[in-house]
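Each of the next two complexes has subunit A plus one more chain, namely subunit B in the first and subunit C in the second.
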Partner chain A sequence: MRLEPRTEVSLSRFIFAPIVAVITSLLLCSGLIIWSGASVLEAYWMMLTGSIGSAFALAETLSRATPLIFTGLAAAVAFRARFWNIGAEGQLYAGALMVTFLGTGDMNIHGILLPTILFIGSFTAGSLWLFVPSLIKVKFQVDEVVTTLLLNFVMLLLVSLLLEGPLKDPMGLGWPQGAPVLESAELPRLFQGLRVHAGLIIAIILAIVIWQFQIRTTLGYEMKAVGFSRDASQFAGMRVGKILLITAFVSGGLAGLAGYSEVTGLKGNLTLDLSPGFGYTGIVVAMLAQLHPLGVVGSAFFVACIFVGADAMSRSVGVPNYIADVVVASSLLCMLVSMLQVKYRIRWK
Partner chain B sequence: MDWFEILWTTSFWVAAVRIATPLILGTLGELVCERAGVLNLGIEGIMTLGAMAGWMSVFMGADLWTGVILAAIVGALMGALHSMLTVSLGLSQHVTGIGITLLASSITYYIYRMVLPEVTSPPRIEAFTNYPIPLLSKIPWIGEALFNQSPLTYLAFILVIIVGILLYRTPLGLAVRTTGENPSAVEAQGMSVIGIRTGAVMFGSALMAIAGAFLTMSAFNAFFFNMINGRGWICIALVVFASWHPGKALFGALLFAAFDAYQMRLQQVIGSAIPYQVFLMLPYLLSIVALILISRRVAIPQALMIPYRKGER
Partner chain C sequence: MGFWDAGTPCSLPKIYIPVVPEALSLKNINKHFGNLHANQNISLTLNRGEVLALLGENGAGKTTLMNILFGHYVADSGEILVNGKFLPKGSPKASIDAGLGMVHQHFTLADNLSVLDNIILGTQPIWNFRLQRKEAADKIMDLGSRFGLEIDPNFRVAEISMGERQRVEILKALYRNAKILILDEPTAVLTPQESRTLFKTLRQLLNDGLSIIFISHKLAEVLEVSDRIAVLRDGKLVLEENVSETSEKMLAKAMVGRSFKMPIRKDLPAGESLLALENVSVLSPDRGRVLDRASLSVNSREVVGLAGISGNGQRILADVINGMQSPNSGTVFLYGKKIKRFNPREMLVKKVGRIPEDRQGFGVVGDMNLEENAITEVYKNKDYSKLGFLNLKTRNNFAKKIAHEFDIRGVKKNSPVRLLSGGNMQKLILGRVLLQEPKLILAHQPARGLDIGAASFVYERLLDAKMQGCGILLISEDLEELLMISDRILVIHRGKIIEAGKADELSMTNLGLLMAGRQVNAS
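Take a look at the complex of A and B:
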């Protein structure tokens, strides 16, 4: 197998790369569906109608996409600077913890003030949780992948500790869950009776802000340069360590906001199963979007379709809903190959 | 029992060696990959897959050693996929590795649910039993800990020696180590960098899968969801801690496991004065601290994480 650099990168290849990747992935996964005895076409049709076939399904998909936009942006911002933040799961819980710290109990803050405090608080909490490994990276050159991963486990244990101890809801009938957030802190639902909430709007606005930040500001450019080549950026006079720390600050904060949005918009309180791996799925979302902030919105929607659709499919044709995770993971690998195809021609000889 | 007396109990040392076994195998597997220049973040998923594959084959009627071999084979296949993407195609080892972990663990859960759709409590198998080595197991204190263990534990110790000899005493080992340091030099000798890396990743991934299989076929006798629980990531930290050396990896894994066994017993001694979660956090925090302490003097393979493309520099 040999790679030949393409002389010119065509726009159509760039745009079709994710589509080809997804179709390939779905084709590969149909093997597993055939094994379960279901008809492939019927199964995928169920997946489609179950995710966007009705207003109710669509709302469910959008509410599932919301945290994925946040964690997807977190990964996209970090990966662009080649800072491998695999700890979005932990940072999400850090944000959710902060919401529980600040936004429950007796408080008399009215109006927009409380949501603002919670927003900033959860952003900061996520940032700080990532600040530890990024500082270790900059000061001691310890690879951030392992440290961010290990801290996910530490954070889950910390949440478990606090939910069984000081943060346990006295009205929670003994379950390890946090007290419900105050009504004034709740994000409003966008439509009566549907679960999609204002967190989605915040997520989309943030995606636009980050996109503009990346293409219009010096810092945004420097983050990209640092990702392209550490040495060249250093040589050009950029302070690589500082830029990485700022990148980490933004990335961790975005993941923290996923926790904010889930608690105040959807669940109402903090539980140990707040996130079924949104942090890890965010990595796939970011890669499918080719790390583009606006692309993240689209790919988060797609991944949410897979998850919500797989639940519907599993109910109706009996394929285990773990198929969703398989489709998403294989989409990631197909996407990596597909992105390579944009720049290189793969020759088999 | 006092917090200090724990160290003098035989059961503590027996547990330490048992807990160390999957870490030794996993660390050894990751070490072989990284020595050839490939970071394998698929380890967590490959361990999950190996745990299920080994257990499932025995559940379906295969004998125990066939189960171990089948686990190793599926591990090697995952390794082949990883190396096809990162070595042949030169894709990002970080992202691909995470992708392999997601893929391997989701396929594992899918297969488990397909075969056993209705079960609530996981079915059990006849797992490996401890095999006391004659005479040696009678040595007081260490005999019980080192020579009355599962056959897979002996296998782990033997593999440390074999991998050590292979890496440092054979031409093949020299080729693998050079591939991790200076791939062009290997190519200049007429050997294939791609071939060596692929072989190393497949071999290493097979060891990771056996590490997972130990959990379902020896430590426990059933497969649980999330049973690997970060052990793979700890192995990656241990490789750094061991400075990419098999002997030190064995030492690191034993040290870590001793600490883990100790904290479990200490929990019972101290009781509920300190929440149990604090003890469970310690292994992860300890790994991070170890990485920081070691960071000043690591001899990281120079070509680690750098894809090799023929004719490109």
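Take a look at the complex of A and C:
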């Protein structure tokens, strides 16, 4: 068996690849469902209805998709420039922490300015948390995969420390949680009684803005060129280091906004379980979307469907909801294989 | 045994005729890659004790054929006989066992191992490795003295010259008892003198019963060294002749498919000084002075050629002028002014056109399309972007203009440029450079790996630019190219630059001596 590079790249194959990958991974996972003693069709039907079968289910899925769009965009922007930011989880908490600093009343910021300040503040916090790894990457070629990943744990421990100490909500009955954000800082719910909130709108607008930014601006063009070839970009006169720093700034900021959206839109305060790994799942989301900003919206929705649907499925047919992790992980693997198919042709001789 | 013809059916009297089979015989080899028919029904024989030259432009199918021969590819149909015996398909080991040996153009040696280790690597079982080193060294010394390939087996490969590395490659094949030796562009890294020594060695090998396939695109040396010549074009065998019945012209026509005229250089009075280097040195932490007090000057309306064997400091010199490398000492003047900051942007702004040696690595961003690659150097100019927003329309027009004026064919709008042929890729780079109307052009191996057609296109455009007042520094390892295009020639050896003289008054021999670092008295 050999791989031969394809001589042309077709758009249809590009769009088809993720669909094939998802179907393949669902087929693979049906083995596990049978093993746990449920009917495959029933289980997947429960998954479907549990994620989009009712207004309530759909709203739940959308609210789960919201942070994934932010972290997915964060990964997509960075990965496109071949900057491997694995630290979106930490940057998310950095953003959430900044919201707690500024938005709970301690700083005496009130009124209509507050949401804007929190937005900018959380973006900056995420960016700054990524600044040191990106700086030592550019200056000393220190591998950013390691540094960004490890900083996630540093951030989680820092949040834990602050929530047990100075940031602990005095009214929180002793739980390690931050004080609730002021009402003027909260993102409005989109529908009465449903948890989906304005963060979703912000996320989708950002996806469109980033998409256009990548096509139409010199900076977007530079990020793409630098991602594909550092050498050729430098030769053509681009400042590779500077471009990577800006990329990191945007990527970290987007992840920080995920924290902003979760705290002000959904949870209301900072807790240690604010994110069940949204930062890491964002990487999967970005890869499934083939790093396309609009694709991120779609793939975030898909991944949210799997997670929310798996909860419903586990309640009704008794398959453990860990199946969601397996489905998402295997669809990423299938995606990588089908991306190979987009670029290469397999020869069996 | 295999040397005897099997004879005919029993009704006829059995007469055994001793037939010495050809050393190698390829029969109706076909190979497809997708829609590309890379080898079309190729039949070829190599007789015992002869040199068969295999000629052809890039993409003619030479490499595919050799890969089939060595079992790296499996032919779609056809068979291979070595000494009259069928060669199993798709097995590199079987090919080596059958006595085939290949010397690749890009050497396959481990720099950090000794010559001895490189040669015996993979030939001895691990558990008695130590025991046989002495014998192996003796065998290498013996082979070396028999064929004029002397080399101390204890040297590390990193310490020896390109010519010596090639000897090691040949020794490697001989050590494995190769009876058929295939040399792929063997003179590419050699001076003319070293080439001559190589040809002598080849003769000795033939006398010893070896047969040789010599792959090259240098017509003169092919005519000199080979007994028969086969020419491939577009996957087909278009010519197979004894060398006495061919001429340089005929071969060129067979390779390209039409008769061909190379551009002609015209002398112009050189104008003002554009670029001047004075005692420029670059130090490398592990290799010392890679550029050693180099001085040169390029004036407008002239092409200055820089000759030298690969790895003598050309790349670092190019990088200084590209703006990719700051020198450690010395001064560089551009249009009479001293350059203070070395970066590529600075050079671009000052109208220095740069054609890099490694076009895939530095010249283009392979995964972006033609449009995006067209503007890599100009996207910040006000025609192509305003306030950080790209003007997609002028970008599109610029790409179209390059494709049209520089005859780039076979481009699909959204396909990445890495899928372009080397010639088309180089035309893209050339177009991007020339349409910016540079005053000085640094062309580093601008025709490397291009077919004759594309190469002469590049030369013509460069000579046009000279006619319009450009100064050009041409860095090349191809002496024919240098003598054809340049007005003046410099030679670089171990980082030092020597002025060799006017191109008209120079001989290949003298240039070769200078390239090897020897002084030549004015003749």
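Please note the rule applied: the second predicted complex is superposed on the first by the 340 of 349 C-alpha atoms of A that agree within 3 Å, B and C clash if a C-alpha of one lies under 4 Å from a C-alpha of the other, contacts with A are read in each partner's own complex, and residues count from 1 in each chain.
Methods note: contacts are C-beta pairs under 8 Å (C-beta built on N, C-alpha and C of every residue); 3 or more make two chains touch, one makes a residue touch a chain.
Quick caveat: nothing in here was measured; it's all calculated off a predicted structure.
Shared-chain residue A:Gly165: touches subunit B; no touch with subunit C. Contacts of A:Ala329 after superposition on the shared chain: subunit B is touched, whereas subunit C is not. In the superposition on chain A, contact of A:Trp211 is made with neither subunit B nor subunit C.
In the superposition on chain A, no contact is made by A:Tyr93 with either subunit B or subunit C. In the superposition on chain A, A:Phe228 makes contact with subunit C only, not with subunit B.
Looking at the superposition, the partner that touches the larger set of subunit A residues, subunit B or subunit C, turns out to be B.
With both structures placed on the common chain, the touch criterion links A:Leu340 to subunit B but leaves subunit C unconnected.
Contacts of A:Tyr260 after superposition: neither subunit B nor subunit C is touched.
When both complexes are overlaid on chain A, the residue A:Phe70 reaches neither subunit B nor subunit C. For the contact definition in use here, the subunit B contact set and the subunit C contact set of subunit A share no residue. In the complex of the two chains, the subunit A residues touching subunit C come out as 4, 7-9, 11, 215-219, 221, 224-225, 228-229, 231-239, 345, 349. Across the complex, subunit A meets subunit B through its residues 1-3, 32, 35-36, 79, 84, 86, 133, 136, 140-143, 145-147, 149-151, 153-154, 157-158, 160-161, 164-165, 280, 283-284, 287, 320, 322-323, 325-326, 328-330, 332-333, 336-337, 340, 346. Residues 33-35, 74, 322-324, 343-345, 347-348, 354, 356, 361-368, 372, 376-377, 379-380, 385, 388-390, 392, 412, 414-416, 419 of subunit C touch subunit A in their complex. Residue ranges of subunit B in contact with subunit A, taken from their complex: 41, 81, 85, 88-92, 94-96, 98-100, 102-103, 105-107, 109-110, 113-114, 117, 229-230, 233-234, 236-237, 240, 275, 277-278, 280-281, 284-285, 287-288, 291-292, 295-296, 309-310.
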